[in-house]
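Next come two complexes built around chain A: one with chain B, the other with chain C.
Take a look at the complex of A and B:
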């Protein structure tokens, strides 16, 4: 297997033309899958194209409109070490803090977490709640789309052959007073989320003027619940109100059973987690 | 004087990565062997082997041979007590990890490609996956031709009149409990290297807890002379019982017979380790505990059902120890315990730290908490009142003549601020959180028990260079017994511990001394070693008398590096003394046989060997926890172990055993949820089978009680296992304290806890107090 290490975008695009080439971001998912493929006698890619050498794919930059542009090949640890992330995107920082373990965060990248498109991807609920967009580039040019459109199913994205996810753009969210992320895993580290919730709530005179709620691990992709968001409008964040909305969540959510938890548990907890937003 | 508590002898080499484990051994030109286990991929746990197709595998470049049952020269059966496990299955696979072929390849890559290209035709047979179903008439038989069908062993302990006592008891509490399969999950998976040398000796370096017994396992299965097998056991990267018995041994021996004299390595990857390795037995228990109105225990009655999986391995022996500990470390005059151990088509169960006792402790301690609640007694006082002390008769009718300091353990935790402050802790719970403190009293027998001599033979040598060398014959799987041996020898020989060298177990250079198991390693071998060292010390002083021209031994002493004659102040370096002595004279050998119970007033039926035990380690544990009402997650915030291990040789070694046992026990209690479906393992790797991480285990406070076991080397007892038995009952006790939950099915997963919470009381937020 060949391993290519381009330094610039044009080199990267050229490398991706190699027959049987596969992109390698942090490798924390891909290498595990390649090992399993080898064990089961399935075909391996002929070449791996590393993204970590392409400088423009890393770092955080503030855009003119106040958005933050996060390099797709930036590692989770790099993002966490950046002061802008913790100041401006606390829900994403909270998610990345619990992603994997220190070695995984040193290797894994934000773009990798997105393109793996797991319903349990830890960065996805906060990015969805933030209304993040992705930037995609290829020899044909650059395009932008909402992250919610980019991920089309479990393990599926709108990425075209020869195209690279170059950046994630998170719009400013300073007017949301409540910014929350919680991951429920089966242990404190190296755990796949059983349920997670990212919540952004904007209050006006103590009442909800806008609510964005995004759950991980309760459906094939990150799940939003417009019924719950609508039901929160005009409410104060009391236990009673949140309990009522939690019931709406439990009615609408369609989780599955798997090795980590039952559908019933996920349904119950998906509703329960809203109670953490209560102003006690 | 030598320092009393030097660092472990293996600390530096392990911390720097210099220590060479069996996994690291890779001789020049080494071939690679791997087992083909078709059941998992085919989804078959019980099936008839109709054919094995190796043609595609043999076409892979670098694949040299594919061996099947027909190539096994001997009886093709192994097993510690019952020879019922084939090295390679020729007719039937009895669990999803059974091997039907062994591949030899030039490289690991070729081996993997070869294994992926193997095909087998397996006709599925009806399987049996539940131990109760396995006992029903007409259940599919795991082994044909057995008089008792799927029942491996039934045994009974009877003391007094349990039935009548239950009727007469002022109060009786009952419960059904279950504990799951547990995976050892050692860092170093099962592995080894073997080579047949031209002199006809099969040389093996193995990650094994039982090098001496391995020779007979391999020899018996393959029809080889066990004395023409030499086994070396370097430091293990973990064992916990899972490397007691044949893992790679027989397969690797078979491989070495077919390489034309080349060395061959076998190392299981994690998936194979989980698929084919031995596990902790899953157990169901149905118990009743009776007492007088003042809390004095009168009767304990229990039925246990053990799932041993496809092969006997140590199933009967694990069950025996579980039965012996079933009623807890308490005085109970009337006891009846009945155990049944059953074959199924599940993975093979075997030895695991806390050997059967970890399965019994949640039941006896759960019922003690239930009894305390029913009688309105303080749970610690109830335990203290009934705790076994020296001179008592235990539930098997054994008079406890050895050190029995459970009361001191209970007193140590009774005065601990976590216990005295438990109501403050409960009241200080933040919103959506419950806080509780739980207690457990536990014990664990030491040694093999009656009928199987628990013996060790130690050899110590003064080298020609004047240094001391201990021939350690009991494998060190990380518990630190090798370091303890160096220290015991240094103390006995009055030398610096760092100056005592260690030979690691080697069947050619060391004497047979049993397995590294049963809390016996340091106790039994240590006793033999202290005797050997005392003999060597006396010998060296005597030999020095001649060159010193002394006509008595008075005033002659062994000092670090020399012998001195006190009256004259003359000294002779050991390097000089050594040259006076022929090689044979610089060696002392001594043995020790662990004492066993003499008079057993109770009656027991069905046991073959290994029952009962005379010596026990004791402990009292405290767990301080938080339970999240919204998710059912438990956080163990603080943990305290007070352990009676007799006299402490080194605090570091003692504390590490307590802390390691607690961590593994916390995993057993909360995280480790081994899942099977029709005999297939769903938790097939470490992303699905979750052991606790550093974030899930608190700093554990280890307290030592001041004790002394007179029969132990320098007063010590083995403490390797007792620590694992505490966390499950202590955490269950804390869950009862914080939320009134009565949990009897392990592990206590968030899912089970949330369900139990919703039944107990609907989740509601409380403002912090």
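Take a look at the complex of A and C:
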């Protein structure tokens, strides 16, 4: 495989025109998959196009409307080191803190976590709860879409050939008082999520005025539960109320058995994780 | 491609396929460069940390990097932290605390510790455990490893100037001793 190292976006788009080219972000998923492909005699890309040299794809910028624009090729560690992330997006910071291990966070990128589109991708529940959008660019121009539309299935996205995920845009969420992420894994570090929950709750006079709940690892993509969100409206965040809504979650969620956990365990935990939102 | 980078304080110039894994390249650099066998391959999938290296001071996994990604970089492996004559505080502490059992994870642990201590000179045990959370010890000798890193941090805090002198001394020692020690090591290995 050739390895191309563009520095600017036009160079990157040109490199992606190379026949059989494949983008290489942090490499923490792709290189593992390519190695397996090589071992099994499957076709490899003819060229890898590195994103780590394109400076404009890194960093965090605040946009005019208060949104944060996160560079898609920024590593998890770079994002965590940025003061704006913890200040403005605590649920995403909490997820990135627990993603993989220190060296994986030093290598893996936000855009890579999104484009891998794993049902267990740690950044996905918080970004979905935030209502994040993705910016996609190619020689043909730039488009923006909701992250929830971009990810179409496990390992599947709407990214077109020649197109690059350039940035993730997180709208301001300062009016949500409760901002939460929790991952349940088989161990404390380097664990693939068994179930995770990101939650944003806006309270008015102590009662829920808006709730956004997004679970990871309980379906083919991040799972939302409109029934649970509706049931929380007008409630105080008490253990009793959350317990009732947890039952609604368990009725609706459709997880699967896999090597990490059984469907029954996931169903139980998906409901239980709501109890952490209790403030009373 | 002709690849140029710095490895444990030395300039390296080597002809390689750009898509060669960094771990394979480092372990088999070929003459005139010494092979860096302290970089281990454990899982090959980024889950064990045995292949840990510092690239421009950042803890990374050489099994998930391509040769081309080392171009122009400063790579430090466990053996580059210090030398036998002038060991780094981390190396000395690992030996003193019996933090080495089978030894396979040790170079990666030392690299993870070095990455931690360059950012945090006074880590708590929880910080240390987090810093090595991507490095697996299948002998499960974690307590001694955490003890060693804690002690190394203490040593470096009490005498930070010694660390610098140690590193300078170790580089000088490595430079002068490499030629002398390499052939004799090979001889010892064969007998």
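Assume the second predicted complex is superposed on the first by the 279 of 280 C-alpha atoms of A that agree within 3 Å, B and C clash if a C-alpha of one lies under 4 Å from a C-alpha of the other, contacts with A are read in each partner's own complex, and residues count from 1 in each chain.
The criterion applied here is as follows: a contact is a pair of C-beta atoms (placed from the backbone, for glycine too) under 8 Å apart; a residue touches a chain by one contact, two chains touch by 3 or more.
Nothing here was measured: the structure is a model prediction, and the numbers come from that model.
Student: Look at A:31 in the shared chain and tell me whether it touches chain B only, chain C only, both, or neither; answer first, second, both or neither.
Tutor: Only chain C is touched by A:31; chain B is not.
Student: Touch test for A:201: chain B only (first), chain C only (second), both, or neither?
Tutor: neither
Student: Considering only the touch criterion stated at the top, classify A:41 as touching first (chain B), second (chain C), both, or neither.
Tutor: In the superposition, A:41 contacts chain B only.
Student: So in the superposed three-chain picture, is A:190 touching just chain B, just chain C, both, or none of them (first/second/both/neither)?
Tutor: A:190: touches chain B and chain C.
Student: Check whether A:101 is in contact with chain B, with chain C, with both or with neither, and answer first, second, both or neither.
Tutor: both
Student: Once chain A of both complexes is superposed, is A:50 in touch with chain B (first), chain C (second), both, or neither?
Tutor: A:50 contacts chain C only, not chain B.
Student: So which positions on chain A get touched by both chain B and chain C?
Tutor: Touching chain B in the first complex and chain C in the second, residues 101, 188-190 of chain A appear in both lists.
Student: Under the stated contact criterion, what part of chain A meets chain C in this complex?
Tutor: 1-3, 5, 24, 26-28, 31-32, 35, 48, 50, 52, 77, 100-104, 106-107, 188-190
Student: Any idea which chain C residues touch chain A in the complex?
Tutor: Residues 18-19, 21, 44-47, 49, 52, 58-61, 63-66, 68-69, 71, 112, 115, 130-131, 133-135.
Student: Mind listing the chain A positions that touch chain B in their complex?
Tutor: Spelled out, the residues of chain A in touch with chain B are 38-41, 101, 184, 186-192, 194-195, 239, 259-262, 265, 268-269, 272-273, 275-276, 278, 280.
Student: Can you check the complex and tell me which residues of chain B touch chain A?
Tutor: For chain B paired with chain A, touching residues are 41, 112-113, 115-117, 269, 271, 431-432, 630-633, 671, 675, 682-683, 687-688, 690, 692-696, 749-751, 754, 758, 763-765, 767.
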